[in-house]
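Each of the two complexes below includes chain A, the first together with chain B, the second together with chain C.
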Partner chain A sequence: MKGYVPLSLLIFLATSAALLTGQVDASPGVLWSGLVTGEGPGALILDTIRGPRVATALGAGAVLGMSGALFQMLFRNPLASPDILGFNAGAGLAIIAGIAFGIAMPTAVMAALGGVAMALVIGGLAFRGGGGTPVLTIILIGIGAGFTATAVSTFLMTILPGTTASEAQRWLTGSLAARDWSHAAQVLGIGAMLASLALGQARILSALELGDGLAAGLGQRPEAARWWLSATGVLLAATGVAVAGPVPFVALMAGPLGMRLTGALTSAGRMVSGAGAGALVLVLSDLLARVAVPGLQLPAGVATGLLGAPYLLWRLSREMERGDL
Partner chain B sequence: MLRTEALSLSYDDVPVISDLDLELPCGRVTAIIGPNGCGKSTLLRALARLMPPASGRVTLNGEDINRIPPKRLARQLAILPQTLRAPDGIRVSDLVMRGRIPWRTFLSPWNEADKTACEAALEAVGMTGFADRELSELSGGQRQRAWLSLVLAQQTPCLLLDEPTTYLDLTHQMDVLALLRRQNRQSGQTIVSVLHDLNLAARYSDNLVLLANGQVVASGAPEQVLTPDNLLSAFDLEARVIPDPVTGTPMVVPLEPAEPVLSAGV
Partner chain C sequence: MRGLFLACLLIGAVAMSLGVGVRPVAPGVFLEALLGYDPRDPAHVTIAAIRLPRTVAGLAAGAALGIAGTVMQSLTRNPLADPGILGINAGAAFALILGVTLFGRSDQAAVALFAFPGAALAALAVFALGGGFRGDSGPVRLTLAGAALNALLLSLVTAVVLVRQESLDVLRFWVAGSLTDAAFRPVVEMTLVIGLAAVLAFAIAPLIEALSLGSDLARGLGTRPLRAQAGALTVVTLATGAAVAIAGPIAFLGLMAPHLARMSTGYALRPRLAVSAAYGALTLTLADTVGRLVLSSGEVRAGIVVAMIGGPVFIWVARRLRPGAMA
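Take a look at the complex of A and B:
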């Protein structure tokens, strides 16, 4: 448990900074009195202006981060995360399609359907009789499928009316603007359920990490277990996408960053660390996007992109050095 | 008691083992030996249910292993595959703990029995002092012992190992085999391994199964199995078998081939 102190502290500091900083900076005293009395500018910031947004960022970052850690362990590859594998783009496409064709379904449901459909498409394309598709092949298929989904989303936006299109464009980049408490409640509620589902499978995951032979020897059914874990991971990521858009690279970075910060080695510990690191990254990215250019609120996805792209390049070069690519 | 009944195994319709009836005695150390490609690893995989039979069946105490629920089977039968890959940064203590997975139920806390099993397993492989070390820091021999501690912590009456001595030098090969025999003598655990080295197999096993072309050429005590005739028919090898000067177990000394094999095709 001691290992989680620095990460928790960082999340607390980032959350505080995100609540204090903005177009109108608030002092800690103002926020505190707002929290205690429920009145004044502090309460307004906590209740309406920044509170829901930060809470949504924490929740979305956590589910994306946990999903990333889960897939990275499942595929035993640091590049295997729902954003790289195209699941986020699939979830995003489903939501845009929902707007474009006027499908009256909650975004969370559309995102889940899109993510699962994408996973099935990638699974189908990667399927080889008898299993044993190399992980890198799956990742490349995922990247290709992700690009396709993003292209279709962009195309769908051309048939949307102007204002809806620009809002959709913003959302597709990954944005936390104008989130209210219903978004926060949605991502935190569904996220908590899915997180317990994922943690319930932690032991299975730690057997699978040792390879299929040993996992079967330890009483698991590797094929079936992989499907269940994948489904849980896809739904986790889709829950985040439903409220924050397909923010890039949060899931990719969260697993290794969380592990670095907590030193966790067990499957459950790594999933929790990934969730914490995801929350940290998204809250900080959103803060960065809000304050980087005075007078202009960038979508959080721009900041995660700026942080994540160099990380991805570094990771790729490292994998190539190790001969894994 | 682990046995095969009219067991046939095949990869993509290419038969590897056909119609095999074999009985692996309880509480003994058995080595499965044979030339490359004779199907010994395939047989071991089928014994551990890692591979479904094309026909026939494998039974454990009379029960078809394909009908035993996976978790229950994992409490009776452990397997250590040949190629092992550990997650990055894993420590020995975490590795051995994973051997307890079949014994744990949903949300059950880590209990005294789990703790004792892990301590006993580390003790048995002489790795107690290495529990906090990262697996990647260890030497090849230590790493193999760490993996052995995982399957020992599983506390199964029967343990299967696929070439547990590959990649090890002679000293560490003997180290692993002696450890397995000691484990058998102390706990009565049935041990079945696939081995390459005939002389080491004879030295450390109670029972040998010699396979060739998917058939059992001979099985029984090492002296009965390692005979010049059996070696000729299984390995196409002319050899003398003399008592090992150290242990008295049979030792295979190949004769010079009359014609060097390499020049045969020239």
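Take a look at the complex of A and C:
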């Protein structure tokens, strides 16, 4: 448990910084009195302005991070995360389609449907009779599917009326602007359910990491277990996308970053630290995007893109040196 | 025979591109405008001031991307290489928007010059990061390096557009290109640059072919790998930079055109370059025309039409890669 102290501390610090900083900076004292008395500017910030936004960022980052850690373990490849594999783009496309065709369904449901549909399409395309498909092929197919989904999303945006389109564009970049407590409750509630579901499968995931043969020897059914784990991971990612948009690279970075911070080695530990690291990354990115340009709020996705791209390049060069790629 | 077929297709696409739109123009009117241009006739003005630049831009940018894609695929021995996927388009686009920010949009041709250093830096970066100089850039590595570069540059473009408080349309143009405003872009100058790139590509085609056998074998054949790589990167930079300056970042065209070409030409590089250029021009012109037709009001930008076809093509090519060729 000791390993989780630095990560928790970092999350606490990032959350505090995100609550204190903004167009109008608040002192810790003001915030504290707002928290205790429920009145004054501190309470306003906590209740309506920054509180829900930060809570949503924490929740969305956590589910994305956990999903990333899960897929990276499942595929035994640090590049296999729901954003690279195109699941996030699929969830995003479903939400845009919902807006464009006026489908009266909650965004969470649309995102989940889109993510699952995308995973099925990628799974179907990657499936080869007989031996398993190499992970790298799955990654490439996922990238291609993500490209396609993004292109169709952009197409749907051209047929939307002006104001809806600019909202949709902001959303597609990945943004946490104007979130209220219903968003936070949605991502934290559904996220908690899915997280316990994922942690319940941690033992199976550990067995799978030893290889299919060994897992079968331990009494697991590798194929079925893999489908269930994938479904859980896709739903986790979709839950995050439903409130924050398809923010790039949070899921990709969270797993390894969490492992580095906590030193966790077990499957459950890695999922939890991935969730923590994801929350940390998204809260910090959103803060960065808010304060980078005075008087202007950039979408959080711009910041995660700027942080995540160098990470991906570094990761590639490391994989290259090791000869894994 | 196939060349004739392709030429007919191109002529048909050009005729459609000139004739179709909000104000349809009958084919007979072309000839009239061609033989005796009358500036008072609105149909003639439509053709000369709007349709013609747009069609020329589509042909030139499409051909440029076809050439750039072919050169990149040969150089990296990676069938998934494309200026859009590898972030070179995004590099040119970011440099262009930076140029507009710094110098205003008064002189389009001068601002367009920014596209070339942008494209060159992005090409060098993705080539180095993807392991291109070691001659072992596997599809996954190169594609992911490109994805990272794309994400980075797209974030920067979005930030600049939002800081400048530009409209959504401006951002959309920089995300997926379009030929809508071709009349206001330096089409003539950039077409000359593309011509130059094509000539250079033809000239260095044997060097690139030797290099695609592997750098050791190329050295044995008397080719200096660095020289061939520098030449190829120059072609890619000139062609991509010019294409982005007139049409914005159009992804996947450089991926598709060489694969279409290979079906009819085999593996020799010079014919493949020529046929790829033709297919690129054909595809972009058709995509632009289709984009004008599908919606009852407004139009779908050519970049989106191409991307919606290109995504599935990417998957198709990725699935056909042999597992051993992945890394």
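By our rule, the second predicted complex is superposed on the first by the 324 of 325 C-alpha atoms of A that agree within 3 Å, B and C clash if a C-alpha of one lies under 4 Å from a C-alpha of the other, contacts with A are read in each partner's own complex, and residues count from 1 in each chain.
By definition in this document, a contact is a pair of C-beta atoms (placed from the backbone, for glycine too) under 8 Å apart; a residue touches a chain by one contact, two chains touch by 3 or more.
Bear in mind the structure is a predicted one, so any value in this text is a computation, not a measurement.
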Clash or fit (per the criteria above) of chain B with chain C on chain A: fit
Touching partner for A:Gly200 - first (chain B), second (chain C), both, neither: first
Chain B versus chain C as contact partner of A:Arg221, first or second or both or neither: first
Which superposed partner A:Phe71 touches (first chain B, second chain C, both, neither): neither
Which superposed partner A:Gly213 touches (first chain B, second chain C, both, neither): first
Chain B versus chain C as contact partner of A:Tyr4, first or second or both or neither: neither
Contacts of A:Gly301 with chain B and chain C, given as first, second, both or neither: second
Residue contacts with chain A in the superposition, chain B compared against chain C: C
Angle, in degrees and to the nearest 10, that opens at chain A between the C-alpha centres of chain B and chain C: 100
Partner chain(s) touched by A:Leu265 [first = chain B, second = chain C, both, neither]: first
Lowest inter-chain C-alpha distance for chain C and chain B in the superposed arrangement, angstrom: 19
Shared contact residues on chain A - chain B and chain C: none
Of all residues in chain C, those that touch chain A in their complex: 80, 85, 129-131, 138-141, 143-145, 147-149, 151-152, 154-156, 158-159, 162-163, 168, 171-172, 175-176, 251-252, 295, 298, 300-301, 304, 307-308, 310-312, 314-315, 318-319, 321, 323, 326-327
Partner chain B, residues of chain A touching it in the complex: 73, 76, 200, 203, 206-207, 209-214, 216-221, 259, 265-266
Touch list for chain B against partner chain A, complex: 45, 48-50, 70-75, 77-81, 83-87, 89-91, 94, 98-99, 101-102, 104, 106-107, 150-151, 154
Contacting residues of chain A [partner chain C, same complex]: 79, 84, 125-126, 134, 136-137, 139-141, 143-145, 147-152, 154-155, 157-159, 162, 165-166, 169, 173, 248-249, 292-293, 296, 298-299, 301-303, 305-306, 308-310, 312-313, 316-317, 319-320, 324-325
